[in-house]
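Please find one structure pasted underneath; my questions will follow.
Order of writing sets the chain letters: A, B and C. Residues in each chain are counted from 1.
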Amino acid sequence: MKNKIITILIIFIIIILGVILGLKIKDKNLKETMIEKEYFVLGLDDSFPPMGYRDDTNEIVGFDIDVAKEVCKRMDVELKLQPISWDAKEQELNSGNIDCIWNGMSKTDEREKTMTLSDSYMKNSMIFVVKNETVYESVEDLKGKKIGVQSGSSAEELLAETEIYGELKEIISYADNMTAFMDMEANQTDAVFVDEVLANYYIASNNKNYKVIYTNLEAEEYVIGFRKQDTELCNKVNNILSEMKNDGSLAEISERWFGKDVTTIK
Amino acid sequence: MSVLEINKLNKSFKGKPVLKNFSLKIDEGEIVAIIGQSGIGKSTLLRCINGLEKIDSGEIIICNRCLKRKMQKDLKLESGLIFQDYNLFPQYTVIQNIILPLVVAKKIKKKEAVIIAKELLEELKLEDKELSYPYELSGGERQRVAIARAIAVNPKIICFDEPTSALDPKLVKQVFKIIKELANKGKAIIIVTHDISFGEKIADRVIEIK
Amino acid sequence: MDLEYFINLFKILINGLKTSLEIFGLTIIFSIPLGIIVSILARSKSVLIKEITNIYILVMRGTPLLLQIICVYFAPYYILGFTYNRFIAVIIAFSLNYAAYFGEIFRGGIESIDKGQWEVAYTLEFNKVQTFFIIIFPQAVKKILPAISNEIITLVRDTSLAQVVGVTELFSLAQKQANYKFSIIPLLLAGGIYLIISTILTIGFKKVEKKLDYYK
């Protein structure tokens, strides 16, 4: 028994020493990355149409992707797309596996603290999607109802700020928006709280009999997230984006995806 | 010439003495029967001789070489043990059971090992069981395979742990004959048995452990 | 929902299946030998080695594989400051996890073999390694084959966990196609593929079991 305890203690001490030693080495490695690399690795959860998703040839496409391609062309670096799990996006970014998160990511206070964020390039509202045949017309009508939402999304965070949050019956988090919609289709939930951009795409491309309910929340801003120390890279991308706004190429891409220029770059 | 000499052997389990100052000397071609009630340490003696148990004190001398607390490697094959439940290798055929120790431990070429094995099988009247698996054999046949496997490596001492316990009278006669023949070839034989009449009939010497 | 759509979808999923099968195959190649080592270490006479092995088994079986994949992938960065290939990380995590399970199965199998088999081999001057690989292990394998086949079929389904570090295997591709078309068909098709693989494995294992049935 004594032997066992001593053994376990020794192992724990070794592990702790290892971690401490490791943290020291890590500090030395913390420097500005990317700028001089040949690749620009864009991290995305490739299941967010129409911003970044896989089409029926398995290509990753979307509005964000087209803009990123043009930006990289102007930076003279090669664009690499790296699918990631949305829940692990901060670790992926910090560990240098990806250089940015560019995937219709909403600006939040939390993200502003942990990343360097680009200028906002698009506005987006969070909306409720309900079936056409329902009687729900306003946010008020959804009191006491079940709401579906994608877990880890800003929709999940923002739902807490809606005026009916405290009076909801249940909030159900799904791994992705599709499952959330399917559950509503099956009448398991009453509404899905989701990005307007995605909802519009979904309703249009599937001819769904759904309607949307707007909230009085302030509109979201889509931004690109970089590592905290990569401010130089962030500035570079910002400059190229306004360059693209000025020469009309950004509007052109926007028209291709949304039928009009929805971008908010100045 | 004595092949096995045991001097003042002591062995206990958890402080309970099993063998106390046990001494024994066996010559080539001699058969010794060890009798006594079950659980008294007869099997332990065989396990000590074959290196399966460490001894507390005393000495075991095999072929004039002393086996102290632990078995030296090359001494193991000087002594063979036929376990009470035989412990054949179930996944191998009869002939493979006999060849394996020859090839693996004695590093004999497979061809030669097959010749040795076939001779033994013939001697023990097992020639038609060559390709059978142990589960297909009767108790007596299994015992003979175990004997063949043990003597294939040509030990000078052969130990039997309760050789008659699982056999009917007819088969007892058969194993009796086999043991006698082995002794005639110069093997020193130790038989541990609770069957006093069998022990007295077969052995040159009977030793009772109390 | 025409035929062309299905063919296209199938092509995409086959692409993902390749990755899934790579994970599956490499995990088996690494985790089974590792599992044998684990089973030997778990029976070590040294208290230290035994305890370390037991803690390893406890951690691997006591925490979600999902977490282990994330840890194996990100831990080198947080501890040592470097990153590496995500596919390799997945293989390492899967191999370590399955080695623990295989190790426990092997240990159970080895311990179920009669002590007499070790003893008789000892008196016939087999050394421990020879005894283990020639006598004991083949007998153990026969006893534990159902447990092993269970574990391996579980592995087929577990490969879908690789998507947590962005490895696009069969199920993640199906999910993405489902998201794009907002349709459950890609998921069902993926499910069918998993089922086919599992069926093939089940039949294979039944055959091996039969083959090992030549003795009792």
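Convention: contacts are C-beta pairs under 8 Å (C-beta built on N, C-alpha and C of every residue); 3 or more make two chains touch, one makes a residue touch a chain.
Please read these numbers as outputs of a predicted model, since none were measured by experiment.
More inter-chain C-beta contacts link the pair A-C than the other of A-C and B-C. With centres defined by CA atoms alone, the chain at the far end from chain C is B. When chain centres are taken as C-alpha averages, the shortest distance to the whole-protein C-alpha average belongs to C.
The mean-CA centres of chain A and chain B are about 76 angstrom from one another, to the nearest whole unit.
Separating the CA-averaged centres of chain A and chain C is a span of 33 Å. Centre-to-centre, using mean CA coordinates, chain B is 44 Å away from chain C. Of all residues in chain B, only 50-52, 73, 76-77, 79-81, 83, 85, 87, 89-91, 100-101, 104-106, 133-135, 149-150, 153 touch chain C in the complex they form. Against chain C, in their complex, chain A makes its touches with residues 3-4, 7-8, 10-11, 18-19, 22-23, 25-26, 28-30, 43, 46-49, 53-58, 82-85, 87-88, 91-92, 94-97, 175-178, 181-182, 202, 205-206. Residues of chain C touching chain B in their complex: 114, 116-117, 119-120, 122-126, 130, 134-135, 138-139, 142, 214-216.
Contacts from chain C toward chain A in the complex involve residues 5, 8-9, 11-12, 15, 47-48, 51-52, 55, 70, 74, 77-83, 86, 163-166, 168, 172-173, 175-182, 184.
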